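The structures considered in this document are given below.
Presented sequentially are two complexes of chain A, the first with chain B as partner and the second with chain C.
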Partner chain A sequence: MSEFLHLLGSGLALGGIYAIMALALVMIYQATQLINFAQGEMAMFSTYVAWKLMDSGWPYWRAFAATVIVSFIGGLIIERVVVRPFARAPILTSVIVSIGLAFVFNALAGYLYGYSVVSFDSPFGDRPLFGSGYMSAHEAGAVLVSLCVLVVVYAFFRFTPLGLAMRAAAQNPVSSRLVGIRVGWMLALGWGLAAAIGSIAGMMAAPIVYLDPNMMFGILLYAFAGAVLGGIDNPFGAAFGGFAVGVMENLVGAYVVGPEVKLTVALAIIIAVLVWRPSGLFGRRLVARV
Partner chain B sequence: MAILEAKGLEAWYGPVKALHGVDFEVGDGGVTAVLGANGAGKTTILRAISGLIRRAGAIRFRGRPIGALATEDIARLGIAHVPDGRGTFVDLTVEENLRLGAYVRADRQAVREDFDRAFGLFPRLAERRRQQAGTLSGGEQQMLAIARALLMRPSLLMLDEPSFGLAPLVVAEIFRALGGINREEGVSLLIVEQNASLALDLADHAVLIETGAVALSGPSPAIRDNEAVRRAYLGY
Partner chain C sequence: MARRSGASWIIVVLAVAIVALAIPFVASGYRLYQGAQVLILAIALLGLNLLTGFNGQISLGHGAFFAIGGYGTAILIVKLGLPYWAAIPIAGVVCYGAGFLFGFPALRFGGLYLALATFALAVATPQILIYKGFDAYTGGSMGLQLTRPQAPFGLRLSGDQWLYLVCLAFAAALYWAASNLVRGRIGRALIAIRDQPIAAEAMGVNAALFKTSCFGVSALYAGVAGGLSAIVVGFVSPESFGLPLSLAFLVGLVVGGLGSLGGMLFGALFIEFVPNIADQLTVSFGESAKALPGAVYGVLLILVMAAMPMGAAGVARAAARALARARAAKVEEDGGADAAANCEGKGESP
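Entry: the complex of A and B
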């Protein structure tokens, strides 16, 4: 039982990280119908930025805040400079651009910071939480941070005028323009926000999986699986999917098959769900009115 | 003085030219109807004014050229366009749709008043305030689209086939509301309509479009009395 709870706890911690990344993926997908394949690498790069700042003596939370802000601005700039020129190109072009961006960030991180694995401190410490074996303090902190991010993003989109305008711009760009919304800037803000929350995911993940340029690749894969499981067009379905994948990964790895095959089994479960519900657990069924 | 003037307006959908030099005006505080058969280019005119498609020619709003402006800037100048198909944000609530109409405005007190006025004009929207817009009936969505446009406090309201697909009673209600908006608040109207009779009742001026060019234009009584128009569009 205690082993189960421990697996559940660390599954939720990783799941929270997947949930944040899944949310970032869905935010951009909803606005542009594109998957940002560079989301993970951008998060990894942001984490290196944080690491560099802390290495230069910055206290953790100041480095954290600065990284989130720099990532937001970076995401905004990337959308305007790299993604926007291809807005009218075929979708495949944008896919290639986003994959290319992933390679660029990966190589840049390796070039600037080296490929050896680096340790990244957690602000929560490594002690087990409450002295029990269920969850480390960092894992608990990561879950808390993930939940905070989800709540803040939800509140932003649901209750603020800017959030409403961003939702409108994603759903119906033409009508949005007709009420005076600058749709282009809404897209840029979306990228900025996705980059910012990705950086948080990266900083929560690094103490668990250690920091190196390839840190986020597996995480992005799981996040993507979580997003698809929950429904790629539903932000909170996607977040739920992220948590579900995190927990499933651990439980499958411990009780069903060993850690070597757990990814395969987790993905197989997801495929099974999709066969039954193609739009994901909470996604909207696409019914086209002819 | 005309609030909107178009001279030599041309427009394209990709490589296809849809408007071949159209001239017309909307008087300040007036109502102009754009009539014509399906495919004549009526919707194209509104899209060209709003900058949704490639266009050329002189378009002036309150004397100021707008032919090179982006759609959102044209909207911010005070032109509200209710597109064909209504353009409702179907996944958002009625209230959220209306808030989006007021998005660019900073005068919160006036916005509150406009909300009240919109609900007064269309009480059914007040009842369905928190309902998802896509679940409203066609007539209600049309009312919502008009209300949203009114929340922009436009000087010019452009409507694309407001009667489309709606029951006659609902249409009458909507046109009554439009007349009220024009008379009481001085909002100029540019209405594209298939229903020529209805449009001519409301308008003081009308333009007849055929295959992307103006076939006839003049004060509505003259258009209504025109033999050819009566036979082709009014059915008698």
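Entry: the complex of A and C
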């Protein structure tokens, strides 16, 4: 039983990280139908920025805040400079561009910070929580931070005029432009927000998986699976999917098969779910107008 | 697409054929091996293009069918002692079955969900290949070793030359088959399903059958390519069939041009040589430039997409159109001087 709770706890911690990455993916997907393969590498790069800041003596939360802001601006600039010129190109072209971006960020991080694995401090420490051993303090903190991100993002989109404008621009760009929303800037903001959210995921993941230029690849994969499992057009579904994938991955790895094929089994389960519900657990069913 | 002016098209095909046939007698060793790799990649890209370009089903997992073809061929040769010329078609047929079956769950998925399902296939493939239960067949993480075939009938060709010609024969035959496929009734049905699925079904196209069969044929292409790769490399191992391979296929497809069969040769050249060129930069700049290949490849990818968002085929089409327009304009300038030539010119311009 205690082993089960321990697996559940660490699964939830990883799941939280997948959930916010999934949220970042959904944010870009909803506005542009683009799967952003560079999302993970952008988050990895942000995490290196945080590491560099802390290395030069900044306290954790100051470095955290600075990283989120830098990532936001970085995402904004990437959309304006790299992604925007492809707005009229076929969507697969944009997907290839995002793969190119992923290569560039990976190489840039390797060039600037080296390929050796470094450890990344957690603000919560890594003592067991309340001495119970079910969950480390960092894992509990990561779950908490993930939930905070979800609530903040929800509040932003639900209660602020800017959030409303962004939702409108994603759902109906033409009408939004007619009522005076600057759709292009809303897309750029979406990229900025996705990059900022991704950077939080990176900083929460780094104490668990350690920091190196390839750290986010697996996480992006699980986040993608989570987003699709929950329903890619529903941010909360995507977040739920992220949590579900994290827990499932841990339990499957421990109880059903060995850790070597846990990814395969987890993906097989997801596909089975999708065969049953083709638009994800909480996704809207697409209805075509004839 | 507009009607191709027959003569210039034949010239292009002949030129490509002559160059392709001349390569084994001018290049040698590693260059020839790379040439064979390009042909193999082009075959896989043709298959992916039938599925994604013509039928509109996105696959991020063709590396998996490539792996089934490669491992299938290797197992048939090493464990069952079949000759390679029999093993590759059998592996291709096995892949057709695998693709056809995978096409059924794929029927229920649209767009991104299909991308995930195939993505899962690509990620799972290396893990299944090293799985201990299949060690007896797959050789586990060590992979399988094959002896490279020699030229038959006492032909005075080296092993490299013979393998290149085998790949060329397969590539030419499969290209011919694909171009006939897409130009006929089946091709029109596939395109109709891509563009207007509901209208296509209303016209009596059996969408489910065509989509699953298309998946099967596409997997067959990837499987034959995988089988050829197994005998050319002389070795199959789990690491060579992972997600990077599937993503490289996607890159080649888009760089070559969706819905263009000829463009696939360009796409194959791109994914074979551009990472290589990027790698060579490291050699000339030394170990400190370890990050350089990735950066160069990434930047090149973005620049190529910016220069030709519709792929090489898009550029070729635009060039052909410009040429036709220039020719038409020239004919009009000459017009009046020679009435007969004028008529002829108008007849030719599209």
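Observations, loosely collected:
The definition used in the following text is that the second predicted complex is superposed on the first by the 290 of 290 C-alpha atoms of A that agree within 3 Å, B and C clash if a C-alpha of one lies under 4 Å from a C-alpha of the other, contacts with A are read in each partner's own complex, and residues count from 1 in each chain.
By definition in this document, contacts are C-beta pairs under 8 Å (C-beta built on N, C-alpha and C of every residue); 3 or more make two chains touch, one makes a residue touch a chain.
Keep in mind that this is a model prediction, so the values were computed, not measured.
Put simply, more of the residues of chain A are touched by C, taking chain B and chain C as the two choices.
By the touch criterion defined above, A:V261 reaches chain C but does not reach chain B. Using the contact criterion defined above for the overlaid structures, shared-chain residue A:I181 touches chain B, although it does not reach chain C. In the superposed model, A:P161 makes contact with chain B only, not with chain C.
Once the two complexes are overlaid on the shared chain, A:P278 sits against chain C while remaining clear of chain B.
In the superposition on chain A, contact of A:N172 is made with chain B only, not with chain C. When the shared chain is aligned, chain C comes close enough to touch A:G110, but chain B does not. In the superposition on the C-alpha atoms of chain A, no part of chain A is touched by chain B in one complex and by chain C in the other. The touching residues of chain A, when paired with chain C in their complex, are 29, 33, 35, 37, 82, 85-86, 88-90, 92-93, 95-97, 99-108, 110-111, 115, 221, 224-225, 228, 232, 260-261, 263-264, 267-268, 270-271, 274-275, 278-280, 286, 288, 290.
The residues of chain C lying in touch with chain A in their complex are 52, 58, 105, 108-113, 115-117, 119-120, 123-124, 127-128, 130-132, 197-198, 247, 250-251, 253-255, 258, 290-295, 297-302, 305-306, 309-310. Against chain A, in their complex, chain B makes its touches with residues 50, 52, 70-73, 75-76, 80-81, 83, 87-92, 96, 99-101, 103-104, 148, 152. By the touch criterion given at the top, residues 161, 164-165, 167-168, 171-172, 174-183 of chain A touch chain B in their complex.
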